[in-house]
Amino acid sequence: MERTPLIEISNLSFRYPDGQQALVDVSLTVYEGERVALVGPNGAGKSTLILHLNGIFASQDGHVRVAGLPVAGEHVKQVRALVGLVFQDPDDQLFSPTVFDDVAYGPLYMGLPEDEVRRRVERALAAVGMQGYGDRVPHRLSAGEKKRIALATVLAMEPSVLVLDEPTAGLDPRGRRMLIRLLDSMPQTMIVSTHDLLMVRDLFPRMVILDRGRVVADGPSADLLRDRALLEAHGLELP
Amino acid sequence: MSGTAVGSSLAAMGRIAGGVGPTGGPQPMHIPDGFLSVPVSLVFWIVAIVVIGYALRRVSRELDERRVPLLAVLAAVIFAGQMLNFSVTGGTSGHLLGATLAAVLLGPWAAMVVMTAVVSIQALVFQDGGILVLGANLFNMAIVGVLVGYGVYQLVSRALGNRRWAVPVSGFVAAWLSIVVAALACALELALSGTSPANIAVPAMGGIHALIGIGEGLITAGALVFVLAARPDLVAPTAKATAGQKALWIGGAALAVVLAVLSPLASAHPDGLEWVAEQQGFLEAARDPLYSIIPDYVFPGISNEALATIVAGVVGTLVVAAVAYLVAQGVRRRATQQ
Amino acid sequence: MADVLDPYRPRASLIHRADPRVKVVVAVMSILITAALPLGAWPSYVLLLAAVLALSVAAQLGVGFTLKRGLIAVPFALAALPLVFSTPGDALASLRIGPLVLDASLAGVERFASVLAKSYISVQFAILLTATTRFTDMLAAMRALRVPRLLVVIFSLMWRYLFLFAHEAKTLRIARDSRSADVGPKSGGAVAWRARVTGGMVGNLFVRGYERSERVYQAMLARGYDGDIRTFPLKPLASSEYAALAGAVAILALLGLLGILFG
């Protein structure tokens, strides 16, 4: 089967302005339709890597390409329509006064006409099971509801790739199960950073382990999750 | 006659100062609708629109779009910070206005925008301050409060140099003075509207806020120390200053002095101020038949006195500003020589 | 806390459904007319108060709602209290406090009462507006009424994070108070120390706000933010809404005129 690379990262390094080296020579290719889990201890560089995928951070060293487009300069806007980024803290993601405004935000910036924006908001809210929440205000939603609406805000942009930073963090068991079921129903290529190895086992055939900014393992989750020594060496553990 | 009421109204204003808005925040200086005459309200609206319009233009021209969420979130922070209080004694408590803190951490124009957002939302949503008088409240808290806080902070911290306690001490002095001067502006507006005689409003507002300002100063100093320890990059170094910035902090300090000089003068000649108010048609009472039959309400020849008051205030301001500047320069030169 | 903060009171009334632009303009006009009324224009004050009450009943808020909330401006009234004694006029009563003798004049009492009444009426119009209009609708009205776009965007983001930081401030306060045992007259330390602790909490909020704003900015960028601000514009006003607006303005103007002529 011919596989189309959707995201190509080559020799990417990144250093924060305060001198913290967060990524070291990271290379990674994700193909269309794949589901990849990024795991690793706190501070491994997962969030930093994710912020490179739609140009929030410009690559200092190395390259990032999405659907063949370099994530730089004039292409950044196109890339942002292709890659839907869901942030770790939904309070960062949901910055509008109402749920409707928030979900409509991305489509509005894509320059879509008003009725198309409204249709997309409807569809995105329905996809995450939150129909009728348009008038609600974000600060009165539960953590699980916020997470799902955060997902809707990027679904409304109809991206080819979904990138989620710790989608199950902070959810209760039922909220977590609901979110996992929701993610499983999504047809898009998916990259997820997580500490939830059970979710990785159930949902993500491929797993990349990051530690201190480097890729230390990349392969089928089933194999890597069985390698106790490897997991332990990088502060991970399958419950 | 009017002078005898000073004592009682001081006590009264103490209670205003303790007044707490629906958000749990303070409202010592938020003038409600009805307390300023229409012409006074409109004049301050015009001043506020011009100055804040300029600040908005500066902010959107000079700073990247990153600043929009920054200014908005920090406005929310200041609003929330105003809810934090500490008990002083007997049920009274100290709290924060935040103009100086914003001015020190963000610079004057961005701080003006932040305080505009805070004061406007308080008025529009929480009735903490009126709508017609919003221009005057913006003038006091977002313009005077910020400019005085910024100017005084720059002057004092320059004079103190690199000493360890320069930041909290400058922050305290600047915050205290910005509160007192904003309160004086508030008192003058009330007097100009004929709502409160100047010889009572000025000492009462000034006196009460000289106390409230201590809380503001301590909180501001504490906040600056915290930020300096946690994120030193956020407390802008005072080293280099462009000519424009210099003009600005001298202007801010001068504004403090103008109001500080003008208000006691005005309160020494309260009838002068009321005469001005009346002549301008500011005093609605003038149109009221009840008052027009009272002959001693108009003082002949007072115009020169009122004029003299204002001229003296401006001259005095310039002199004091010049002296302050020279002293600061001298202190700094000596510090660098050592 | 969130519910305490948001003054909007959802009801299914006509006033809630009215266009926010109309409501904002009418509320501001009402406050302007109230302020422009001369002192002692009692018939006009009563008419305006009746109008507020009628509107709050129509908005299904009940008669007491604005009346009670309107009291928030009262403490400030003390600033006008000296008018009672400083206004020249027939002495009404003398107050003797030690060596001080204060002469209250009838004219002074009327001036003071007028300031109070005008303030009380104005604040009720403002309360009525915020209780019947969602904040997002207020924002839309502000945009339509040409408030600078940058300022409206800041209002909108500020509103969203107001609740978050109000909550964080409350959490900080509880954390402090739960460790502030009151064991005697000396407990809690000096006032200056308490003030500095509070200052530290404010500084803490500030740093959190700074860092939060960076992440919010990233989240905005990720969905296409480019410094420009895009929203749906409001639909143009219908002719019936124009008529309602014109009617309200005419009534207010008439009230104002009455007050000025016969006040």
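Order of writing sets the labels: A, B and C. Residues in every chain begin at 1.
In the analysis below, contacts are C-beta pairs under 8 Å (C-beta built on N, C-alpha and C of every residue); 3 or more make two chains touch, one makes a residue touch a chain.
What you are looking at is a predicted structure, and each value in this text was computed from that prediction instead of being measured.
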| item | value |
| --- | --- |
| From subunit A, the most remote chain by mean C-alpha position | B |
| Chain whose Cα centroid lies nearest the overall Cα centroid | C |
| Subunit B-subunit C separation of Cα centroids, rounded to whole Å | 20 |
| Centroid distance [mean C-alpha coordinates] between subunit C and subunit A, Å | 42 |
| Averaged-CA centre spacing for the pair subunit B and subunit A, given as whole angstrom | 47 |
| Residues within subunit A bordering two or more other chains | 95 |
| Residues within subunit B bordering two or more other chains | 69 |
| Overlap residues in subunit C, where contacts from two or more other chains coincide | 135, 156-157, 159-161, 164, 212, 216, 220, 225-226 |
| Interface residues, subunit A side, partner subunit C - complex | 51, 54-56, 77, 80-81, 85, 87, 89, 91-98, 101, 104-106, 108-110, 114, 117, 137-140, 153-154, 157 |
| Interface residues, subunit B side, partner subunit C - complex | 1-2, 4-5, 7-9, 12-13, 15-16, 18-19, 21-23, 27, 30-38, 41, 53, 56, 59-60, 64-66, 68-77, 79-81, 83-89, 94-96, 98, 101, 105, 113, 116-117, 120-121, 123-128, 130-132, 190, 195-197, 200-201, 204-205, 214-215, 218-227, 230-231, 234, 284-285, 287-288, 290-291, 294, 296-297 |
| In the complex with subunit B, residue positions of subunit C that touch it | 5, 7, 27-28, 31-32, 34-36, 38-40, 69, 72-73, 75-76, 78-83, 85-89, 97, 100-103, 107, 110-111, 115-123, 126-127, 130, 135, 138, 148, 150-151, 153-162, 164-166, 168-170, 172-173, 188, 191-192, 194-210, 212-214, 216-217, 220, 225-227 |
| Subunit A partner contacts - residues on subunit C that touch it in the complex | 2, 6, 135-136, 139, 156-157, 159-161, 163-164, 167, 212, 215-216, 218-226, 230-232 |
